[in-house]
Amino acid sequence: MMHNHRRRLFTPARAIVLFAALIGGAQALAEEAILVQSTTSTQNSGLYDHILPQFTAKTGIQVNVVAVGTGQAIKNAQNGDGDVLLVHAKSAEEKFVEEGYGVARFDVMYNDFVIVGPDADPAGLSNTEDAAAALAELAASGSVFASRGDNSGTHKKELALWQASGVDPANASGGWYRETGSGMGATLNTAVGMGAYSLTDRATWINFKNKGDYRILVEGDPRLFNQYGIILVDPARHPNVKVDAGQAFIDWVLGPEGQAAIASYQVDGQQLFYPNYEGPWPPK
Amino acid sequence: MQDFGSAFGLAFGLVLSLDPELLEIVLLSLRVSLSAVVIACLVGFPLGALIAITRFRGRSAVLVLMNALMGLPPVVVGLAIYLLLSNAGPLGWLRLLYTPTAMILAQAVLITPIIAALSRELIEQLHDEYAEQFQSLCLSPLQSVRALLWDARYGLLTVALAGFGRAIAEVGAVIIVGGNIANLTRVMTTAIALETSKGELALALALGMVLISIALGINAAVMSLRLTASRHAFA
Amino acid sequence: MPSPEATAAAFGEARGLVYQVGERRLIDGIDLRIAAQGLSLIMGANGAGKSLLLRLLHGLLRPTQGEVRWGGRLQDIAVRRRQALVFQRPVLLRRSVIANLRFALRLRGGDSDRDAEQLLAEVGLGAKARQPARLLSGGEQQRLSLARALALRPQVLFLDEPTASLDPASTQAIEDIVLRAKARGTKILFVTHDLGQARRLADEVIFLQCGRIAEQTRADQFFANPASAAAGDYLAGRLVPH
């Protein structure tokens, strides 16, 4: 009888197979892929969108970037959730390598931090180039300051500057010192929203689209130097690290092509990052 | 507010141009959240129904717990799933962290209590009506659960929608276990968070409008399905 | 050797049945023997305990004291599987008419198109098989729940005031179906407080008052000359306390 042999398009077995494909597979894993744990400042600035396609075109290796605060990026890499670490907190990076989580650390590039604030500059910070003095002045004026408060590279830099200024902002937490606990962009949004001063890396600032009437007030202090480093997560600690692909990425970033790619990234005619790897190549 | 005006323009532009990146993000959002809803329903419906028809010691404590878990913070779920799936965690060997599968898992965990608690409520009302009849028919608990779930199917559709709404809108869990990786794990909500942090407020708002339109479309589709079908089945 | 009549008389049996809620004994010590055949009608005023007794006999409620046996076996789920109950208000699944019937047929291991259609024809719902059960009229709904009960092929069919909210034509239809089931050998226990219905249907009457059996009498005798004062008052239409 015909209807006994009727083919059913939708059987339970087929539904299960289809569903399994939906939740599990079906990911385009055509080429090899590595995971880079990095910072919001590099991603929000658009740097990766500029340089990664060049690397992938040359090697066929896909680079996936998880952009979080430096503190969280380091923590994730310590858990083995990533192949390469590219962040900006030199002492924390060196500790990461010393403790056996990373193979070796190399300088990649730098730019600088700036203190931004409302155009009217009620605390009068724009008179000085000394970042620590500016912060001391800000504290004395009682103007509001928006801090990352998230253990990121920028946050660590900010805390170092406070220490140099002789002011302990922790006492004013919740008062004029506001810790957002968020990424750079979110913190800038908050700062603009409440008329607060803030410390930001220049790349994020240039690329930030919600500036309002804000401008750079303090820049040029050598203490505002912002160095980025790159580290291969140690395969001895986490055997699933993709050593070859990860190392290929590091070699490329530190090599002439990668360094040139970083130097060529501009927003509004301004260069955002300055490559500064100076060791032997390929890096050891 | 000029942001609203330009957001409307941007939203229309994005949708009309069928921006491929937007399309990819939208499809991934739907894939993740719909899969999570299916899983949560497969677990939550029978669980809710079973709790609805059984009486046991500590049942009211279970109900309180279920209702409380409806308010589970997404970030906490994300963190818990991250710790499980991290290479340093017990399920690290599955290599699921920073994949859509991990995001599906996190959202499924997030909304299963919602599905279970709401379907428990719904099924219990229905069971009040059916209980004596079922007892007379000598139905086993399994038979009762199956019959109740089928008879409550249109109400359960609304329950599934509530779960879907929560899943598609949350950002806290997927950003931790997915990592917001471009072209791999970026969904509507994490893209909105990213654009917001870049200060691209109009674009973020435009994406939000697209997200709301999609949620609206799915709700409308399901509700009209429910209306048409229910007209043929019960009064 | 017990006589066939004595065996038949012992088919259903309740001993020392008590159902208590708090301090109130709603069923207050009932001893009852029910024959394997025929239609036993349970009568009494509102609150006399008719529906409660029916549920105790079917095992939907556990007695506070006493026991119920059917065919010598204590009332349990295996016994209940050979029984069916039709409630005063039909409880139908939110499905089509035929799906409601098939649900019951499947429970007893037989689900054929022919069985389902035959049963629907029997209760006069053949033309409405595909309609949503809950959109039927009250009388049709009750006929469907009766068909569902019959689908279970019960030895004993309990009916708890099945026509209490139906019009005469619908009542007539239900009574016809019940009488046909009785004729096929199904034992019927029927609760009603409709005297006309009682006269039309009963083979014997079990009259309850205040949770006790006032009398259990053959129907012709009961209506001609009730043994208890309570039944006499009821038949005469006098108001009696329950």
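Going in written order, the chains are labelled A, B and C, and every chain counts its residues from 1.
One rule holds in what follows: a residue touches a chain if its C-beta (ideal position, glycine included) is under 8 Å from a C-beta of that chain, and two chains touch if they have at least 3 such contacts.
As the structure is a prediction and not an experimental result, all values here were calculated from the model.
Q: Please name the chain that ends up farthest from subunit C once chain centres are defined by their CA atoms averaged.
A: The chain farthest from subunit C, judged by C-alpha centres, is A.
Q: With respect to inter-chain C-beta contacts, which pair, A-B or B-C, contains the greater number?
A: Result of the comparison of A-B and B-C: A-B.
Q: Average the C-alpha coordinates of each chain, average all protein C-alpha coordinates together, and give the chain whose average is closest to the overall one.
A: B
Q: Whole-Å distance, subunit A centre to subunit C centre, using C-alpha means?
A: 78
Q: Just give me the whole-number Å value for how far the CA centre of subunit A lies from that of subunit B.
A: 31
Q: Whole-Å distance, subunit B centre to subunit C centre, using C-alpha means?
A: Centre-to-centre distance between subunit B and subunit C: 47 Å.
Q: Where does subunit A touch two or more other chains at once, residue-wise?
A: none
Q: Which residues belonging to subunit B are in contact with no fewer than two other chains?
A: Subunit B, residues with two or more chain partners: not present.
Q: Can you list every residue of subunit C that touches 2 or more other chains, as numbers and ranges?
A: If we look for residues of subunit C contacting two or more partner chains, we find none.
Q: Going by the contact rule at the top, pick out the subunit C residues touching subunit B in the complex.
A: My answer: residues 58, 60, 77, 80-81, 83-85, 87, 91, 93-96, 103-104, 107, 132, 134-135, 152.
Q: What part of subunit B is in contact with subunit C in the complex they form?
A: My answer: residues 129-130, 132-133, 135-139, 143, 147, 150-151, 232-235.
Q: Flag every residue of subunit A that touches subunit B in the complex, lowest number first.
A: Per the stated touch rule, the residues are 19, 22-24, 27, 35, 40, 43-44, 49, 64-67, 76, 78-81, 182-186, 188-189, 207-211, 238, 240.
Q: If we count contacts the way the header does, which residues on subunit B are in touch with subunit A in the complex?
A: Going through subunit B, the ones touching subunit A are 31, 35, 38-39, 86-89, 92, 95, 97-101, 104, 179-182, 184, 194, 196-201.
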